[in-house]
Amino acid sequence: MNQKTLRKPGKIGELFRSREASLLLVMVLLVAVIQWRSGGLFLTGDVIKNVTQNYAHTAVLAFGMLLVLLIGGIDISIGATLALSGMATCLMMRDGYITNPLVAYLFSMLVGTVCGLVIGLIVSKGKVIPIIATLGMQYVFRGLAYYIAGYDWVASDELLPGYKSFAWSSFLGINNLVWIVLIVFVVMFVFLKWTGFGRQIYAAGSNPEAARISGINIDRVKIIVYGINGTIGGLAGAMATSLYGNAQGSTAMGAEMDVIAACVIGGVSLNGGQGNAFGVLLGAITIAIISKSLSLVGIDAFWQQALKGAIILVAVLVNVLVQRNVARRALKRRDI
Amino acid sequence: MATKSGRVISHKSEFSLAKLFLRWEALLILIFLAVNVMNICLSPYYLNAYNLFTNINNFMNTAIIALPMAFILLLGDIDLSVGGNVCLSATMLGIVYNATDNIWLGIAACLATATLCGLLNGVILTKFSELAPMIVTLATNIIYRGLSERILGNGSTGGMLNVSWFSKIFYGRLFNLIPYPLIVFAVLAVVFGLVMHKTAFGRRMFAIGSNKKAAAYAGVKVDKIRLLVFTLTGFMCGLSAVIYCSKLGSVKSDVADGFDLEAISMCVLGGISTAGGKGTMVGAVIAVFTVGLLRYGLGLINLEGQTIRIIIGALLICVVMFPTIRDAVKKLFAKKK
Amino acid sequence: MKKLIAILLVALMAMSLVACGNNGGEAGEATYAIVCKDASNPYMLRMISGFEAACEALGVKSVTKSPESATVDGQITIVNELVAQGVKGIAIAANDAAALEATIQAATAQGIVVVTLDSDTKGSQMFVNQAGVEQVAQVLVDSVYDMAGGEGEFAILSASSTATNQNAWIAAMEEIIAADEKYANLTWVETVYGDDEPQKSTDEAQSLMTKYPNLKVICCPTTVGVLACAQAVQNAGSSIKVAGLGLPSEMKDYVGDDKVCPYMYLWNPIDVGNCAAYMIDALAEGKVGEIGTSFEAKNGTSYEVMAGDPAAKQIIVGPPFAFTGENIAEWAEVY
């Protein structure tokens, strides 16, 4: 080992060793390949606008999932929560109970919160393992989304014009939905980094026993976290239905898998206690790029699924290899 | 006795009848009976042996996957790629059969593909043991199904049923009553149960599931066992795919969609904890039939598919929550005393 | 252990007692069942309403069933459940053109009349065809030709790659375009799949617009895709036109001379459901003649019985109907 690497790393050095840096590298490479393969079509204003707009609700969900994963939980019902809250909101709008887009968003968040709290209670008070609790509730919420609508859709012209146009208009040149993502990101970032409850979440996730002994009410943390996740699911439900201008029982079927993949790519550990909002933002962008770009690069439509899976797998594996390398170097430094 | 049951009973009970009731399997049997009673009350058509077997046969594809899934969960792992695996290996069966006109080659290709897919999962998970099995198998699931999509395009592969004995795999019946897949399942269930509860291999699986590190220090070859179990799961996917091909006679890339979660929910209802180290094969088998027959009963009164799912989801959560509720009620009574 | 067994035996006895007390059951009244492709699909709902109305007129009970997702596996289970209930007739919109054969044969062997509607499959006695494949393909090709002004690039945004009807129509479109010199100036750039999902369909529609700046028409032979596509095109402010098959009630906002979709096609799903019920009734009574004869439904409409493929016979309910800016509002009230 030469002399240079033996020096104590400075701030910049630390930055480059962080998980986010390795992810950023993967992302830049990915974008470069796509830009090259698509003949320069990818990095254009229109495409960037479309990607951010279409994947805004997936990104928002990823921040909720981050909290859940941090406490060592998981939520595979979030796609169903999205569908149920979006459907309930659109039905209320169709039947004339909601006449204001803002009220619609708030109502959807309320429905989502109730869904989240139910899961929180089952997980904390019912002592059911999160994956099972959310697997069961996924069936329930998804079924309800179909059931309350009588298996029908809510059609485009039954929604408020303001509700639909909100998703397609911009403020300061940035789409409203993207603003929501940015706001949720900033709130999450601040919440996790600088609030006491944020630290409690990390504590509860990395070592529940120690956290309990130090006086953290784990059950309370769990209920609140699943509640917030539900709120975000409801928010995403309103975002998706206003964006696509209709509500279907099958909306966001399987979205939870994209969301979990976004978190893991963003460096969140499924064992809890590890991960941050910035990484998740990068992970969500990566998933959006993967999903959107495959149809642009001129890859055969039938290859897309397999490639998407392969890219997710490679992204996760590369991340592990980089981390191992970092850990090994850190260990060597310590030896000397 | 209680150590191997679905939920560890921490308190000591003097009253042995109560203790028996507290066993997960006893609870399951009661639910199983309740489901049957309910079905009989709901529909006059339920107690028809021939039709009952026809409909039991319909969930044997998933049931066969639930057996190795029990092993996987026991290890504290999870495999979300079984649906994709079944789909890809069924595709290979059709493709190879059509290319060679030899059904045996097709079946061989199917089993080989499935085993390889399982092996791949296992290799990735043991070489990168810090990765969560959930995310790896999630990605491989997309890959396997994606490959099938690539191979089949917007078409399908079929014609296997031209080989008359091949259709018997699914549609054939012993004594003109008991479908062959059910017999296959019964035999496999016994084998899997014995391996799980009566062999050193099974004990090692329990050890790994309860504490991976401790097991490794105790000399259990954790990686080897995990690799073996994932590969075995792959092979069983191949078996399920063969039965599937015999059932459908035509394969599209949407085959076996959602198999993974269904198999997992059957195991969990059977008392096998996704946290690993707990559960019995008997429980899993009873759960398979409980869910399957509940679906059938609700189908007989013509509930919509999605409504049935609401009921199954709620049942799953209520049953898993049962021990907690029971403890809470007990505490309440204890206080009153 | 003994006590456990004792308890179980008691429970079993209780069960059999209940069983004995309840074995009479209702029987006698004839039931016709309709099996859909999947749950939430407004198009299927309209078909169901037609089927139910006809059953009511015929004085039989009607049952609606749909699998959890659009797979043939779920439909096999459902048909088996219906056989166990002893229904008299089943109308099924098959999710696969071959895989239901054995199941349908088993049902037919029990004396149950099985017809297909919307999507055909092997083993069916009769296919109640909403519109001939060639007819649909022809109107789609013609609307692309018309909207593109006779020449230029067009693309297809379909449902999922496993959707049988869409695949058949697209294949027929290919043949029609290859066969006629008239369409020589049309360039078919790509066929993409939106999986009948809003997010993916929107993505694919937008990608088409980005990739092919000279694109003139996107043709969507699916009610979900056409909606997502029309919305994406309209919001992009693009001059691309959208052609395809859509439900008037869903597409009301987008259809019209000065809008993204000048006109679109569909048949009346209510009529399709209606006709299927009358067909079951006629087949049960043995009143359907050979190929070439005419079949008169009990509501007065008559159809020509034709050779089917893969079903034994088929009737065609009607040609695709055009929805334009003038009649869309009126039809949106109907379906």
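As written, the chains take the letters A, B and C, and residue 1 is the first residue of each chain.
By our rule, a contact is a pair of C-beta atoms (placed from the backbone, for glycine too) under 8 Å apart; a residue touches a chain by one contact, two chains touch by 3 or more.
As the structure is a computational prediction, the values presented were derived from the model and not from experiment.
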item: From chain B, the most remote chain by mean C-alpha position; value: C
item: Pair exhibiting more inter-chain C-beta contacts, A-B or A-C; value: A-B
item: Whole-Å separation of chain centres (CA-atom averages), chain B against chain C; value: 33
item: Approximate Å spacing (C-alpha centroids) for the pair chain A, chain B; value: 29
item: Approximate Å spacing (C-alpha centroids) for the pair chain A, chain C; value: 35
item: Numbers and ranges of chain A residues touching at least 2 other chains; value: 146, 151, 249, 302
item: Residues of chain C touching at least two other chains; value: 39, 66, 161, 193
item: Two or more partner chains touched - positions in chain B; value: 149, 153-154, 304, 306, 308-309
item: Partner chain B, residues of chain A touching it in the complex; value: 74, 122, 125-129, 131-133, 135-140, 142-144, 146-147, 151, 249, 257, 260-261, 264, 269-271, 300, 302-310, 312-313, 316-317, 320
item: Residues of chain B that touch chain A when the two form their complex; value: 78, 124, 128, 130-132, 134-136, 138-147, 149-150, 153-154, 261, 264-265, 268, 273-275, 304, 306-310, 312-314, 316-317, 320-321, 323-325
item: Touching residues (chain side chain A, partner chain C) in the complex; value: 38, 41, 44, 46-47, 50, 54, 146, 149, 151-153, 155-157, 168, 240, 244-246, 248-253, 291-292, 295-296, 298, 301-302
item: Residues of chain B touching chain C in the complex; value: 16-17, 20-21, 26, 29-30, 33, 36-37, 40-41, 43-45, 47-48, 51-52, 54-55, 58-59, 61, 149, 153-156, 158, 161, 167, 171, 247-250, 252-258, 295-296, 299-300, 302, 304-306, 308-309
item: Contacting residues of chain C [partner chain A, same complex]; value: 38-40, 42, 45, 66, 161, 190-193, 197-199, 202-204, 206-207, 209-211, 224, 227-228, 231, 235-236, 249-250, 252-253, 332
